[in-house]
Amino acid sequence: MVEETIARLYAEQEMRCPTHLCIGQEAIPVGVSAHLTATDLVFSGHRSHGHYLAKGGDLRAMVAELYGRETGCARGKGGSQHLVDLACGFMGSAPILASTVSVGVGAAWGARMAGEDRVVVVYFGDAATEEGAFHEAMNFAAVRRLPVVFVCENNLYSVHSPLAIRQPPRPISALGGAHGVAAACGDGNDVEAVHALASGAVARARRGDGPTLLEFATYRLMEHCGPNGDLELGYRSAEEIAAWQARDPVAVYRNRLAADGALDAAAQERAAAETAREIDDAVAFAKASPFPAPDQLARFVYPETGR
Amino acid sequence: MVEETIARLYAEQEMRCPTHLCIGQEAIPVGVSAHLTATDLVFSGHRSHGHYLAKGGDLRAMVAELYGRETGCARGKGGSQHLVDLACGFMGSAPILASTVSVGVGAAWGARMAGEDRVVVVYFGDAATEEGAFHEAMNFAAVRRLPVVFVCENNLYSVHSPLAIRQPPRPISALGGAHGVAAACGDGNDVEAVHALASGAVARARRGDGPTLLEFATYRLMEHCGPNGDLELGYRSAEEIAAWQARDPVAVYRNRLAADGALDAAAQERAAAETAREIDDAVAFAKASPFPAPDQLARFVYPETGR
Amino acid sequence: MTRQLRYFEALREAQAQILASDPRSYLIGLGAPGPTGIFGTTAGLQQRFGAERVLDMPASENGMTGVALGTALMGRRPIVIHIRVDFAVLAMEPLVNQVAKWHYMYGGKMTAPLTVRMIIGRGWGQGPQHSQSLQAWFAHVPGLKVVMPTTAHDAKGMLIAAVEDDAPVILFEHRWLYNVSGPVPEEMYRVPLDQAATRRRGRDVTLAGTSYMTLECLRAADLLARIGIDADVIDLRTLTPIDVPALTESVGRTGHLVVADTGHVQFGAGAEVCAAVAERAFAALKAPPRRIGLPHVPAPTTPALADLYYPRAREIARAALDSLGSAAALPPEPDDPRRWKDVPDPSFNGPY
Amino acid sequence: MTRQLRYFEALREAQAQILASDPRSYLIGLGAPGPTGIFGTTAGLQQRFGAERVLDMPASENGMTGVALGTALMGRRPIVIHIRVDFAVLAMEPLVNQVAKWHYMYGGKMTAPLTVRMIIGRGWGQGPQHSQSLQAWFAHVPGLKVVMPTTAHDAKGMLIAAVEDDAPVILFEHRWLYNVSGPVPEEMYRVPLDQAATRRRGRDVTLAGTSYMTLECLRAADLLARIGIDADVIDLRTLTPIDVPALTESVGRTGHLVVADTGHVQFGAGAEVCAAVAERAFAALKAPPRRIGLPHVPAPTTPALADLYYPRAREIARAALDSLGSAAALPPEPDDPRRWKDVPDPSFNGPY
């Protein structure tokens, strides 16, 4: 719902930054984050709204960041591609593919050096595994048996490029074994399946048994970057989109809960209304927030302590 | 013998460039090159003398290159770390770890684009597989099923650093499977074992069945860079060195041939004498060759055709 | 010769003609054959030239640069495309250590005729990792040629010349030039890779620009003209070499120099221009050469700061006035109804 | 304070004191704990501080830079060591896109206090891929601090200051300084990361050097002194910022500037120095500022060409004479029995 609102409001041209929605992929961060504590850490890439919110990231600060305001989580300097919320352990997202994977590995290592018990989750897409930096990070995590869960959201595409022209026919999770990292594949559109796989991986990390690579099959329902669909581009078929739409993780789980009697219509409505209120509040907050003042342009290039 | 001579003459300080000897590792290029034709191509890294000579590289041009002469294979501009002999298909060596792996993959692809049937062999050490660029190259070779044989000379060390602190406990050949590349391990000090494994890999490439990663266990008997031993550094034990010395591939194979009656003492002596003559000739050639003239300094920065 | 094309169309036409005329050439980049075709510059080319001439690639900037080099050694003429300079930073090792030096370090035995197109991002919150303009890095590296076409005409002619050149050439394309149109001949033609172009003749001050900043220089010249100052505007076009003779000729007439570059000022291309002009035309300079470019700050995402970050025509004009020691006031800004300047000025669409 | 240490010993002592006094610090680099200890600079430190404070690493320059950044975010103070600048080229993406911008792009919420030691190779046929001196690249990137200590004293003091600084600092160490000795206090001390040092007072011409080239400037000053020309020698020490006040003060007295840098001239550090001085001290300059550095050529391996490649004191002195318009002849070269100059001049061993 947050992203649907973003999609709707994006046309107002007040969120002036490249914005990658994760509609269709929501089950993964939800299933993973369920196992994380506030002191566990998360890193992400360009498609990070879901990762941020699932970890408990501040919604107001995120929306304000998209609106480029001083009250944004990165004071407007980052935008959608650079979310951060230290209070909840969301350590940062950055759009250069695979760039935060090694940073996450380092954070796990740094926490261990400090004697802190923290699990680190790093999210990335299928294309990020084509970057050498990804392999370097996996190798080091394995050498040091660091408490990292690598979560690959394999949505079959890199922008408009299908997997088959970019990678050989083998599961991405096979890369784990090569690097001495435990690995598994699962259905990324089934939040319970995600929850189950993540449970093992997070527990393994917490026990000190080292890193795990989880590959989740999923699908991006919107365009790569921006608020719309992209059927007209023709790089994927209407049937393919429809088939995945039918497996939309939110709807699937909502229906399952309803069928199980765990969620009645009234509760559902209440939850939706509550969420809508929160979103409206965040948008109102963002729109009412000031833009950074001109003197903020050159601030934070260098730490004020260090120069 | 070539390298023994280099080691002996290095102290004269006329070969003024970093020089990485492959004594102890000779079986690998010999066993691999036996399957290559003159139009097949080879790329290598910093420890390339053996790869160059086994492919049929010109000895005089190599020695002259080490001596920094105009008659060197790279006109003195490259030195030991930048050997080249296009006539025999030795396309170049370069010391940045893993840097020539992708170039070799590209050469295989370029040959295919040109409709040429060529197999490309790329040599590198165990440490090179820690570079992300190595993985990127493997992935692409697999996607395009290119005729490349990746040959990893695993000599257990990167300079003075043992494998275990750099990589997790799994064979390097496991990286092949992850990238959809055929892979195998073998004894790199047994030229017949190398020959057998390389036979399959080269044949596979030639048939159009795609790349193979071969990992060979071997050992560097001299110091990492330079003409001497390095027992005194203490990073490897005298026992370890002695054990590998006992498995010196040249001696082992010479003895095996002698035992089989395939090589009698006279033939052996003749061969040794012939080789010694060639080496003396190459050294004499190099020493008699002129240094590049001053006007060569700025030559070949840009092609003369193109500017 | 009155046909007008936009910059991205000129690039597309150049590539189509290269692919059609030279069977050794091919084109590779993330999304090159895709439906949006790298901002339109490669749209339709795969359909026309086939899947082996116009290629997508894995997200492996380093490895694919090495791969392209390998094909070049085997006689191909690759065009490698990076949709942002920022992503090409992953390819510095192969570009700088290998591609740039391959011809030299093997004693001239081989050439490495790659062309690498890099797009400089700007606007709509591209932010710190999608809008770097690092041409100064590449121009620092012997063996590479670095060019920055400003007009649609030069985009086509320099891209063709780049592919035909036996040296590796890095072509920087500023995203804000893509919709700017100008006259582009239909036939294949070459624009030399070592010459600046004078875009406006003037006698009072020399404004030298790289890429998009040349347009801002032209607009600055308009502003100055309105207060009676007559600027010479030089489109640098190439960095290796910088066309120092063109600069010294101009400065010899004007005595004043303002350089406007798309990158950071500090250790940027403008420093080389100023240093070179100071070395070779010191006596002609009547005032210190001045530099306009990005401050020593990463690119902020919010338009509220990005608008302050990017210098425009007024800053260039003001530097010219400073150089001339003039106290004149610039004419007022023309009315711009846009709240933010994070998309190209619609009045900048050419023809140029 | 008369204790003399060599440069590499000063670096080792600095690191030992950092490791001893700051439990957050650690040291990582290829071979750092190994028997040769990165040219002696890390020798014995693992034995003293343990395997978790002094670490080897996989040959993964990119990934390990990201890893070090991650530890820095968690409060560590890493020192990452590259035994050649050329290898660090693989780490440009994390250094430039991430480390440099991390503080800024998350609105000041975190700092990235890495120190990165990079060694500039030279001599004995290091050749094209083992002797690059790319400080100008890093100084072009906002968020990084770039320093180049020349003396053993500054090597220690700047390394300590770098680790204590909350910004990421890149420390360039020239291999030919490693055996040069000088007075080094035993205690922990800091040398500021933004100030040049005057190494010799003179009134006729300003010679400004970076790193090893400062020693060549000093020798050039000796040559010039023998023909009655009195040079001011400034050791730049830092590039971000360049100490422009120190330069303008000196040029204000001398009117003449020669900059000698260890890297390529074109788009190099000297361009920034010249441009900055031309901007701020134009009126004081009596002649164009001159640059000494590497030609636009990759480093050749053979000593026959390498000797021509690297400029030395005579070239600096000659540039000074040119600037002064002096027709004086330099005193003859002191007898140097060495055939090749691809190892450091034994008479350059300090103290400095």
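To keep things simple, chains are lettered A, B, C and D as they appear, and every chain counts its residues starting from 1.
Convention: contacts are C-beta pairs under 8 Å (C-beta built on N, C-alpha and C of every residue); 3 or more make two chains touch, one makes a residue touch a chain.
Predicted model, so just to flag it, every value in this text is computed and none were measured.
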Taking each chain's C-alpha mean as its centre, the one farthest from subunit C: B
Distance from the mean Cα position of subunit C to that of subunit A, given in whole angstrom: 35
Subunit A and subunit B, separation of their C-alpha mean positions in angstrom: 44
Subunit B and subunit C: spacing of chain centres that average the CA atoms, whole Å: 41
Sites on subunit C at which at least two other chains make contact: 57-58, 60, 62-63, 86, 90, 93, 97, 104-105, 127-129, 142-143, 295-298, 300-301
Subunit B residues counted as touching two or more neighbouring chains: 72, 74, 76-78, 82, 94, 96, 130-133, 135-136, 139, 143, 165-167, 301
Overall pattern in which the protein chains touch one another (line/ring/star/complete/other): complete
In the complex, subunit B residues that touch subunit D: 16-18, 68-69, 72, 74, 76-82, 94-98, 127-128, 130-133, 158-161, 165-167, 233-235, 291-292, 294, 296-298, 301
Of subunit A, residues touching subunit B in the complex: 130-136, 139, 142-143, 165-170, 174-175, 177-181
Touching residues (chain side subunit B, partner subunit C) in the complex: 72-78, 82, 84, 86, 91-92, 94, 96, 99-111, 113-114, 116, 132-133, 135-137, 139-140, 143, 299-303, 305-307
Footprint of subunit C on subunit D - complex, ascending: 62, 86, 89-90, 92-93, 96-97, 100-101, 104-105, 127-129, 132, 134, 136-137, 139-143, 239-240, 263-264, 266-272, 274-276, 278-280, 282, 285, 287-291, 295-298, 300-301
Subunit B contact footprint on subunit C (complex, rising order): 26, 52, 57-58, 60, 62-76, 93-94, 97-98, 102-111, 113, 142-143, 145, 165-167, 194
